[in-house]
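Structure provided below as structure tokens; questions to follow.
The first chain written gets the first letter, and so on, giving A, B, C, D, E, F, G and H; residue counts start at 1 in each chain.
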Amino acid sequence: MDDLKELLVKVKNGEISVEEAESVLKAAPFTDMGFAKLDTHRKMRSGFPEVVFCPGKADEFLVSIFIKLMEEDGRVLGTRGCEHQYELLKKEIPDVTFDPVSGIIKADRKPMELKGKVAVCCAGTADLPVAEEASQVAEYFGTYVERVFDVGVSGIHRLLSKTEVLQSANCIVAIAGMEGALASVIGGMVSAPVIAVPTSVGYGASFGGLSALLTMINSCSNGVSVVNIDNGFGAGYIATQINRLALRE
Amino acid sequence: MDDLKELLVKVKNGEISVEEAESVLKAAPFTDMGFAKLDTHRKMRSGFPEVVFCPGKADEFLVSIFIKLMEEDGRVLGTRGCEHQYELLKKEIPDVTFDPVSGIIKADRKPMELKGKVAVCCAGTADLPVAEEASQVAEYFGTYVERVFDVGVSGIHRLLSKTEVLQSANCIVAIAGMEGALASVIGGMVSAPVIAVPTSVGYGASFGGLSALLTMINSCSNGVSVVNIDNGFGAGYIATQINRLALRE
Amino acid sequence: MDDLKELLVKVKNGEISVEEAESVLKAAPFTDMGFAKLDTHRKMRSGFPEVVFCPGKADEFLVSIFIKLMEEDGRVLGTRGCEHQYELLKKEIPDVTFDPVSGIIKADRKPMELKGKVAVCCAGTADLPVAEEASQVAEYFGTYVERVFDVGVSGIHRLLSKTEVLQSANCIVAIAGMEGALASVIGGMVSAPVIAVPTSVGYGASFGGLSALLTMINSCSNGVSVVNIDNGFGAGYIATQINRLALRE
Amino acid sequence: MDDLKELLVKVKNGEISVEEAESVLKAAPFTDMGFAKLDTHRKMRSGFPEVVFCPGKADEFLVSIFIKLMEEDGRVLGTRGCEHQYELLKKEIPDVTFDPVSGIIKADRKPMELKGKVAVCCAGTADLPVAEEASQVAEYFGTYVERVFDVGVSGIHRLLSKTEVLQSANCIVAIAGMEGALASVIGGMVSAPVIAVPTSVGYGASFGGLSALLTMINSCSNGVSVVNIDNGFGAGYIATQINRLALRE
Amino acid sequence: MDDLKELLVKVKNGEISVEEAESVLKAAPFTDMGFAKLDTHRKMRSGFPEVVFCPGKADEFLVSIFIKLMEEDGRVLGTRGCEHQYELLKKEIPDVTFDPVSGIIKADRKPMELKGKVAVCCAGTADLPVAEEASQVAEYFGTYVERVFDVGVSGIHRLLSKTEVLQSANCIVAIAGMEGALASVIGGMVSAPVIAVPTSVGYGASFGGLSALLTMINSCSNGVSVVNIDNGFGAGYIATQINRLALRE
Amino acid sequence: MDDLKELLVKVKNGEISVEEAESVLKAAPFTDMGFAKLDTHRKMRSGFPEVVFCPGKADEFLVSIFIKLMEEDGRVLGTRGCEHQYELLKKEIPDVTFDPVSGIIKADRKPMELKGKVAVCCAGTADLPVAEEASQVAEYFGTYVERVFDVGVSGIHRLLSKTEVLQSANCIVAIAGMEGALASVIGGMVSAPVIAVPTSVGYGASFGGLSALLTMINSCSNGVSVVNIDNGFGAGYIATQINRLALRE
Amino acid sequence: MDDLKELLVKVKNGEISVEEAESVLKAAPFTDMGFAKLDTHRKMRSGFPEVVFCPGKADEFLVSIFIKLMEEDGRVLGTRGCEHQYELLKKEIPDVTFDPVSGIIKADRKPMELKGKVAVCCAGTADLPVAEEASQVAEYFGTYVERVFDVGVSGIHRLLSKTEVLQSANCIVAIAGMEGALASVIGGMVSAPVIAVPTSVGYGASFGGLSALLTMINSCSNGVSVVNIDNGFGAGYIATQINRLALRE
Amino acid sequence: MDDLKELLVKVKNGEISVEEAESVLKAAPFTDMGFAKLDTHRKMRSGFPEVVFCPGKADEFLVSIFIKLMEEDGRVLGTRGCEHQYELLKKEIPDVTFDPVSGIIKADRKPMELKGKVAVCCAGTADLPVAEEASQVAEYFGTYVERVFDVGVSGIHRLLSKTEVLQSANCIVAIAGMEGALASVIGGMVSAPVIAVPTSVGYGASFGGLSALLTMINSCSNGVSVVNIDNGFGAGYIATQINRLALRE
């Protein structure tokens, strides 16, 4: 039922009984009433197509989701996929591709136009899987991405030489493991928001990314907020949200 | 020196010697060359006036900063101030005010026009100090703020009744201590970015806000990024950054 | 509005316009529709009067809450109060009492009849504040409580001598600091649910109750669930919930 | 010896010597005296049949336990079993079944009648193994279970649409990983006790379920107590204890 | 009742009825039967007089315990007392003494003969409070103690010059804060058991003694076991247990 | 050089030059002077034969150690060995045996007489590997061991029925994982020292044994000291040290 | 461009246009201006050839780096390599060698002269991989290394017998796992700086090296600073830096 | 005894008896033999005068240490002193001075000549106490110090403008709280060793300096080693050790 008013009119006109109306309203308050619409509406309005988190999905289940989304949207993207899952999916969706670095499995017959600008930075080559996940997810959502990779703070000039790119972006994603200092330095160079992504890159006292997470949460630079360890998808999503706001979409 | 070209023209014309030019370029590379401008320029361009972090500042030092900023900008704001600091400052700046809830000490002869919309939400009344810090800082920076307080998830209808406010904001600040679940629920209700602020409200296994911090970093909702425990200032700052992008400022 | 049906009948009869009905339904979906009733109704139906958490409450605010609840319910209970707050409240509510051990401030002109049986156990005398908070809160809610105090596992016969009391209770609250082993031993002695409360009693590697919390969460006995460190109120509340279920209330 | 009185009568009558009686009393105080009976009696009285924790059990040992319980009770249930163990057991107990989702291996020729009502809720599909363990264990113990799955707080309307089911249960089991906010939201919706189960679902800063555990222990909702990470069995057990109390069993 | 046999004889002789005997045995199984005697008997047999943990004890309560123990045993010792408590106790027990370093408050009209040998070692002068607590507690229990203080591993010769003392002891107590390396070095020098006591001495990453605790638990030397942070009493107790075993007491 | 005096006499008599004597004294101070003797002497005097920690040892290296110790002592014991290592060793030492539960690989042609008494207790069957390691190590060192297995506190009567065994031992080893409460209960039942061994048995919030470790370190019972997680060897070693002291060996 | 002056002279002489000069200066400020030279210059000046961190490198990538460095420098060293990588590299660089203990893969046709003195100490044989990494890296950088292995503090005389070697070194690297006490003892024996390397050797509460890390950070000896867990490379690098300073290189 | 040879000559000449010589050698092996000399000699040779750690020292004790050192050395320095201690000391040593920022209490009638160069850097003004402690301690030990304060990475140009100072130092001390990124950036700019000092500056998830400590231990830059949180003294000490090596002292 799309229209509360319509229902009430029908009640008034006796087209449906009071009891029927009551039961409709009681049974489906979340479909009908304001806040409940948010779910269906948000997806439509936001333009964020569904993304599939591949790990742990049973084979048949994964394949059926991909096929269903492909049919509905003409495009589908899965994160953290593996070779095996790719092989399975290729049998059903021949134009599916797999990026072994980021683990992204994708088929996209209706790619979105890339707009605005987001800079995705990472400290070292070991952070590439997360950086590519963030970049490709943002691109799938229609964001124009500049990749600024391998700009760790142990060679600060590499980062500084990219000042212009960073300063012209609507949002910067800063990805780093080990000590995670990258986000603070970038935060001091730009006026746009910085989304920091700690990675699990490192060993010993990096404690699986905890060290980088704490560094980023304690950033002395303004404008830095943080997502979960290795959460490239989340950063790509938020960067797109901000980029769209800047584009007035 | 504002203009590299101008300098080079002078070298060419012999208005200054090669040695002088060399020494200017060497002595002040950070003032002159691109990236170095960022600091001075960023402040000017960004429209973010300086904010004073009051705790631990020596009395005379605090007073002199306030006076200097007041003279330069006609306005000044300090965070986490105390009654004692307020008394000191009132002697020098009679129109200074103090909000004991948020600890904000402020004098503002040139208040900015409030634009756009940011929603600042908090879970309980104990989170008010952080929520007011975030709100007043954002307002000081020219952001229109809607306060949505005391909407903790243990009475979910309170939050749901504010759906419309949340959905119309360019950015939502979600502040909560204890288990910090507020951010995830809000993240599922809106399409704008959510800045989550864990607070140190709680006892026992809240471990000074660590519990809420972990909750928020692990949020199952898209669009949630996190700042440090009790960092209302940081959230107000980032929310303003995003609000300005949405306003194309 | 108490009755959805009534509203629809009025719509049908033309007593109110479709627009009016629509606005009522939209404006107050949480008051009117099922789930939203939970809040108001739950309080009424559950028989759990509101309890005031005293720490950090401003003086006037605390006094006004107590007066308001006293007027409405003829009874009021505050947890973790202090001498100062008691003195304040006594001026307004002469029959208020204060228990310095548990920190409970209470006035109760309509005490509930105590029914069923809950056993509140604690390991040592240092756990008494939490044990009394749990006991008195449960009693305030109408639960008959048997206190089984100072039965720490370092003298296991003390606990065993209370076997009969423990086995006859509908729910057992097990309170202990330091190593927190009490809950597991009790869990093995009874067939009713055990609510375990770690306390911050201890020093050194007790880490403010973390040690006892981990002990209890890892209990090798069936039937043990855990609340926050020092959360006597929570345990008294849950024990009452279970006791009422057992009483078919 | 079943009867203390009988022994004393024999002493009185000289049927056994004082020394013999003394030695019987000293040698077997735990079998004979009150508290010691608790063990054997508890099992009988409580109606909780023994459940086998399968991981790490040697093959022959596992098979022999299953056969023994099958012979004694006509039913047996093992938790966290694997395909290999199932294959082994099927050879001996042909009607044994295996649920790969929950890891439950079961043979039940005398299933109990399902009574009362417990709602088992989980946040996401990745929490299903724990949710099914809790559900099937409770059912094995004779509890009627309503499954309310995939109702994570990032889409709050899904949970709200189940309000009626939740409010009609004697106990609610709330299972969630990542940020674990589900328990608090449910705690605010119902008047029955909520048993919260953190799961190890998540990555990065979820630290194997620690994040969800802290969230649940710090719940701002009344009536929430917590069991160990992934402890579906424990939750099903406690829910059954409470359900039985409500049924006056 | 002191004697089970006596009771049975009375039953046999008809001096008490079977019912009376049954009720005595049932009512007081823990006093009468084997394991229950352990408590009363252990105190008697072990020769460990009760020791009072002073912190947090209410004034009147503390005074009454001291008086009671003084009357019963002619001696009393309290740990972690303060000046204020000492002043209170001196009014009632004039010969009570107070050692401000260890916080031990003591009156001892029947001091035990000091036998055997225990070496109490500490790393620095800041560890003295714990070292004196251990030493004086052991002496109160009748153990001959050699103090080997200020022998931290940063000047290893200081410790080595005490080799003979260490090697002649029945048990060595090794007390250290900061990095806590003392226990391992001593463990390699002697063949008797070493009781390691981490202290909260240190700052920064000593985390209140956690660092020293982990060091000692991970000791690469054989024969080292560990008690809680700052637990001088516990170490003095265990050292006495071992010393007595060596003395065949 | 065995005799300092002899050397000095030779100097006096001119049998060796001053320079030679000086060089002997300087070159070998650790062999000659008191403290240095400790190492060689300790091994001899203590009667603790060397024990081999098998994990990570290279195959040839392991075999050569075993052969060397076998030749020297006629006996050898390795801890935490595996099937593969056993197969290797059997080729060289035909009478070597392997206990897959404890991982102990042993050949013993000169077994020591078992004396005194140590009780090795464990909470559950999953703790058996650690309990057997402790027991067999102690036996290898000549200690008479009573095994008291599967006496976890969730069925407290099992433990209590062993009171006599526990009370007659010179030292009790208490082994438990999960919540580790066993050590505290035993500590309250006996007057001999208790060596507590936390195990990594458990899941979720047991954090690999940390929970049991904290429980044991915070024990409310006197006489409990703790070794590293799963350190059965260490407990067997210390128990032997104490047992020998009690035997005046 | 190597020479700022040269550029300015060209501008003056009209050999290049102002615009060209401006673009050179803007495009490459980091190459040209002071601080930026640091990167290229530092490598040249410092004499630290690049070192390859092997783990996670793709096969082709690894091979190409090795070949490139071999061509440029005539030498190359990789850390933490594995058998498989060695096999690959040997096909291209026949004189490459592999040390399975340290994981170092190396080819060195122009080995540096070994100068000065650094002592690399480790506590046990299990620390050898880290100790060899530190030693061989320092040697590759031209440092003369004395290996002082297996000198753990549980047999302190072993370490003391090496006093002279330690005291004659310009820098001491102290490597230890488990309780990590070695660094403190060495710190008290020498006047040169000690670089402490915690290792992940240990089990249970060593928490992957955290215990040793905390021990070393809390060292009571002066002159001890710490690098990451297992970071032998880092220690070898810093020891070389200090050794070179001492050699006035 | 200063001379072993002298003693032996006396033995040879019969000037002292063999027994006397034996007793001298046995009684004082640590004073006489090699390693034992290290302690006395190290102090003399190293030129590191003793430094007093003031916190927790009893008043009389502190005064007596200061007087003794003043008499012996003509100079004395205490760290982390307070106003009260300064007042006490001034009564006895009139030329004593107190720096309230660093807490250093000092009297120095024989100041050392300042040589070499060490750069002490700190991120913010809140790190000044630690930075001044490091600087003044190094100066007291005769090191020439360049202070490079307030160069946090959130305004990277401030640090870069000091490149020349940093590159000309023999050792750099990098002091920072919050996220502690300073050390990594400096490590990438210089070829000398960097001693990193985490500070407890920060709030929330800085956890008293733990965040900065982890950042620095995980530094991606070569040449960075770390001391304890707030350990300015330690950094000043090590920097002096390195500076002296560079000066060939």
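Here, a contact is a pair of C-beta atoms (placed from the backbone, for glycine too) under 8 Å apart; a residue touches a chain by one contact, two chains touch by 3 or more.
Since this is a predicted model, take the numbers as computed values, not measurements.
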Given chain B and chain D, the chains that contact each of them: A, C
Neighbouring chains shared between chain D and chain H, ordered by label: A, B, E, F
Chain pair, A-B or A-C, that carries the greater number of C-beta contacts: A-B
Chain A onto chain D, rotation angle from CA fit, given as a multiple of 5 degrees: 90
Taking each chain's C-alpha mean as its centre, the one farthest from chain G: C
Chain A-chain G separation of Cα centroids, rounded to whole Å: 39
Centre-to-centre distance between chain H and chain C (centres being mean Cα positions), rounded to whole Å: 55
Multi-partner residues of chain C (each touching 2 or more other chains): 29, 34-35, 38-39, 155, 160, 188-189, 204-206, 210, 213, 217-219, 222, 228
Pairwise chain contacts, counting only pairs that touch as defined: A-B, A-C, A-D, A-G, A-H, B-C, B-D, B-G, B-H, C-D, C-E, C-F, D-E, D-F, E-F, E-G, E-H, F-G, F-H, G-H
Footprint of chain H on chain A - complex, ascending: 123-124, 152-156, 160, 178-181, 184-185, 187-189, 202, 204-207, 210-212, 214-222
Sites on chain H touched by chain F in the complex: 4-5, 8-9, 11-12, 14, 18-19, 21-22, 25-26, 29, 33-35
Residue numbers on chain C that touch chain B, as the complex places them: 29-30, 35-36, 38-39, 56, 198, 200, 208-210, 213, 228-231
Chain E to chain F touching residues, read off their complex: 34-35, 38, 42, 45-46, 48, 160-161, 163-164, 167, 170, 188-193, 195-196, 213, 217-219, 222-228, 234, 237-238, 241-242, 245-246, 248
Of chain E, residues touching chain H in the complex: 126, 155, 157-158, 160-161, 203-206
